[in-house]
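Each of the next two complexes has chain A plus one other chain: chain B in the first, chain C in the second.
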Partner chain A sequence: MHDDDGGDACSADSHRGMLGAGASSGRSPSLPYAVEHTKRSGKVLPLRASFWDSIKSGFLNNNTTQVVEPASNFIEEEDTLAQEIILLESTQSDGTLEQIMFSSAGDVDAYDVQALCDKVGWPRRPLTKIAASLKNSYLVATLHSICRAPGLEENDEKKLIGMARATSDHAFNATIWDVLVDPSYQARFICLNLSDEELVSPLLTGPGYDFLGDMGRGLGKALVEQLIRTLLQRDIGNITLFADNKVVDFYKNLGFEADPEGIKGMFWYPRY
Partner chain B sequence: MAVACAAISASYPSLHFSPNPSRRPPPPISIFAGSSYVDPLQLRALLGAANHSCHRFPALSPDGRAPLADPDKLRVALAHSSVVVSVFCRFKFVAEYGSGARWDVVSSPSPLDMLLQRAVPASAQDRQLVGFGRAVSDGGLAASIHDVVVIPSLQRRGIGRKIVAQITRILTSRGIYDISALCSENERLFFEACGFGEDRLGSTTMMYTRTPPDYKSNQVVRVAGRLQLLVPPGRELSSAILNSQSETIREE
Partner chain C sequence: MPAAPMAIQTAEVRAPILTLHRTKAIKEFDKKHILRRVTSAMQSHGPLLPLRSPWSSPIPLPLRHRTSFPTKPLCLAASSSFTVSDGELESRGFRVRRNPGGLDVAALNEVFARVGFPRRDPERLRRALGHAGEAVVWIEELAGGKPVAFARATGDGVFNAVVWDVVVDPSLQGTGLGKAVMERLVADLRATGVSNIALYAEPRVVGFYRLLGFAADPDGVRGMVLSRKNFQKQRKTR
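This part shows the complex of A and B:
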């Protein structure tokens, strides 16, 4: 049922809204310089929130956990487009503190993005194009892992482990592209009572229970949900994406509908 | 008369670009690229005349009409569209060609008149916005086409195809080749004629349509056309950043 590229979650140059979870090749060294450092102006509101519920619901593949909460009287600032949130925090046995930080500031290098694309097995795209697309996207949401060794307060190791971006006309339409989560990163936060078999289970392949995939789904879910939240708060109502077959269920779980009312995306194939 | 028409088509191939001889020719039109040519109010009128909504799931009135678009939102959308194409036609031609007469080929002006009319562009007051299309892109990799519209009286004359061709030409000149268009059922044939097809990579088009099953007073929704879209809750995050007004239902 699934086209099997030996675990690669893509074919040709597909990059449309897929959750990437291809074979991991270990950590890439962080590069000392960047092609183009995209930075967006905007207030950064450091907020701490426990997103464990969000990720846990990814584990349980729950459909609509509609957690309802009372609206507060807090008036949002003019532009809450840029936020940084610590999603998870864990302390390793050697005392290293690791945090997973979500950010919608869009502060990300094209190099890092390319490295992440390599990890999930997508074919390479020109760096200048990646940089241009990041700069011109309406929203770029990222997940970074920040490692702090005990005692070394200044030397945080920050690594890009997830990304999602959306283009928009700022008024009516938005399209979500390039949803990626580093697969090698999922293993860190798995519960310790897993058998060895489960730990080396194959990558995201289908609707069956796949533990290594669920963590990625949880992080991806947090990314996409944040994009949707921001877009809807801006009254942008047409939120679209083009999902690879393997991840259609993932997006259904998030509230997306395939071909709603017969609306399909078509692509330009010029006949020369 | 057939000879004269052939002469026209030789000099102005764009006039009869369709191989089908029974297709009606478009009137003399001028096509512009750039958002500065489009007045949001004119655009709103054009969209209204074509009964086209910028919302994919518009709230239709009982007689099937979509509400008029908010001009301010149109202004924002125009400012942030990478490509904006507008088509203008002189008022008198709109009336002439749009009258629905089958013999408009016979009544079209002589070749010399056509030449003169083309040589002297219509002034801004003399012309009407009859066609429109735009595209949103990320400037590097992908683009999507939206709101391709032609006024009903001038439809089926190849103007829409010209709009799409112009948009794709501009995008490819910028190095963007991944061009998509969201199509409803009745837009599909049009885009197929423009050279669009189903995704060869087999992706599934999906849109966010989640609405809460029953409206609870403290679930946050946003109105998009006729849908009330559920804003994904973010636990403590959402209570901290949500606008206190976000609960009131507002149109557009």
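This part shows the complex of A and C:
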């Protein structure tokens, strides 16, 4: 077990982790899952109200600029996003097929989530509260490992290995919480050098690669990235989160900005 | 010191692993404010002891167990520990409203426009208000029924909440209305058990929120926002 804490600054190398779900054409027809297409829509983005326009304090004077929010937000993204996406696939020497699947269906129970929290070392939270937090989340995204032994197509072994969720007002803002990846999936797999056009393909391993830290970041990155794509596709324009100092760079690499225009995240912290 | 967890953690980790200091502060605050108010609410229905109280099991649970209380205790909202009381606001011609019922979306958009926020699509705004549950506090001008101050929060109802759209009509800024809505919104969130309440503050209002008990970047936690441009860019560089 290595002692990388998963929060080191991500180098450009970690980008070579994960794949989106795109396929330029239907290769590998044996794949039972829908693989969605990535399409550039070619729409022109109209000028829109930015995050900080809506954040500018609404209770101090001197804020008389009129800003108009367009009726709908165009997304320079694909038109459809599959709910389930195979991120990785590998066939072991004994013929077992393992797939890592992202899902935005949120089909996960509190027990599994609690077990995952245990694995990453979080203190225990009451099961009822975990269940409530999942139920009240706008989007719950999961990573599952699906193992299929050769010849036993009906008995897939499905295991929760990652989760992230987002709360939202269903209209304007979403906040991402609880990004988790099972530590034991950070030490496996490994080389991926796949571009958007390539389908999931068997993984390559070799002596030259050392991704022990990268894979966890790779899976976490893929998880958050797909979560974001789902939110954008649902037309949630403002995606936010609060990041521990150690992982600020991880999120920067995904496109997040810390303190945009000096806007600070603040937490209620009673003093008396 | 155990090996640091491998997971990529957002700051929500800090909620279950609230730093010792913050946890202690929150517990003390509860003891002082929330539990006392709830006790008075309970007492108005009869004593907590002896054993047969109207809604608890035969063995009364200690006060610390929130599950033994009704989900919205009666007097929790109307506490005298707010800076400006509901009564005082009434005497000034305002009424505090604790849910979005009766809130005119068009009128709210007017206030947004007057403070320089973008006007929101009314349908979306209605949708957002509908999903805020009880985490909406607004102040109604009794003469006319228009909203003059507003704040809402989103969250999961048990762990986390984020406050959005805190506005006060420019003609009434500086008169304590912003504080009034914020204090009540925080109290309502705390009453449901949410201990992790966050928001995004422009530099010149950081002080305002600090006075209300918010701290910027506690324990080094940073608020972050997705730049769509950067997101698309990093996706293409793979």
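The rule is simple: the second predicted complex is superposed on the first by the 167 of 272 C-alpha atoms of A that agree within 3 Å, B and C clash if a C-alpha of one lies under 4 Å from a C-alpha of the other, contacts with A are read in each partner's own complex, and residues count from 1 in each chain.
Following the convention adopted for this analysis, contacts are C-beta pairs under 8 Å (C-beta built on N, C-alpha and C of every residue); 3 or more make two chains touch, one makes a residue touch a chain.
Please read these numbers as outputs of a predicted model, since none were measured by experiment.
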| item | value |
| --- | --- |
| First, second, both or neither for A:146, with chain B first and chain C second | neither |
| Contacts of A:121 with chain B and chain C, given as first, second, both or neither | second |
| Which of chain B and chain C A:258 touches, first, second, both or neither | both |
| Touching partner for A:233 - first (chain B), second (chain C), both, neither | first |
| First, second, both or neither for A:225, with chain B first and chain C second | both |
| First, second, both or neither for A:248, with chain B first and chain C second | both |
| Chain B versus chain C as contact partner of A:85, first or second or both or neither | first |
| Interface residues of chain A shared between complexes with chain B and chain C | 15-16, 18, 49, 51, 53-54, 64, 66-69, 71-72, 76, 125, 129, 132-133, 136-137, 165, 167-173, 175, 177, 225, 228, 232, 238-245, 248, 251-252, 254-271 |
| Residues of chain B defined as touching chain A within the complex | 54-57, 73-74, 76-77, 79-81, 134, 136-142, 144, 146, 168, 175, 177-185, 188, 191-192, 194-210, 212-213, 216, 218-220, 222-225, 227, 229-244, 246-247, 252 |
| Residues of chain A defined as touching chain C within the complex | 1, 3-7, 15-16, 18-20, 49, 51-61, 63-69, 71-72, 76, 117, 120-123, 125, 129, 132-133, 136-137, 165, 167-173, 175-181, 183, 186, 195-196, 216-217, 220-221, 224-225, 228, 232, 238-245, 247-248, 250-272 |
| Chain B-facing residues of chain A, complex | 11-18, 45, 47-51, 53-54, 64, 66-76, 80, 83, 85, 125, 128-138, 165, 167-173, 175, 177, 225-226, 228-229, 232-233, 235, 237-245, 248, 251-252, 254-271 |
| Residue ranges of chain C touching chain A (in the complex, touch as defined) | 2-14, 16-17, 22, 25-26, 28-29, 32, 111-121, 124-125, 127-128, 131-132, 149, 152, 154-160, 162, 164-168, 170, 173, 177-178, 186, 193, 196-206, 208-210, 213-235, 237-238 |
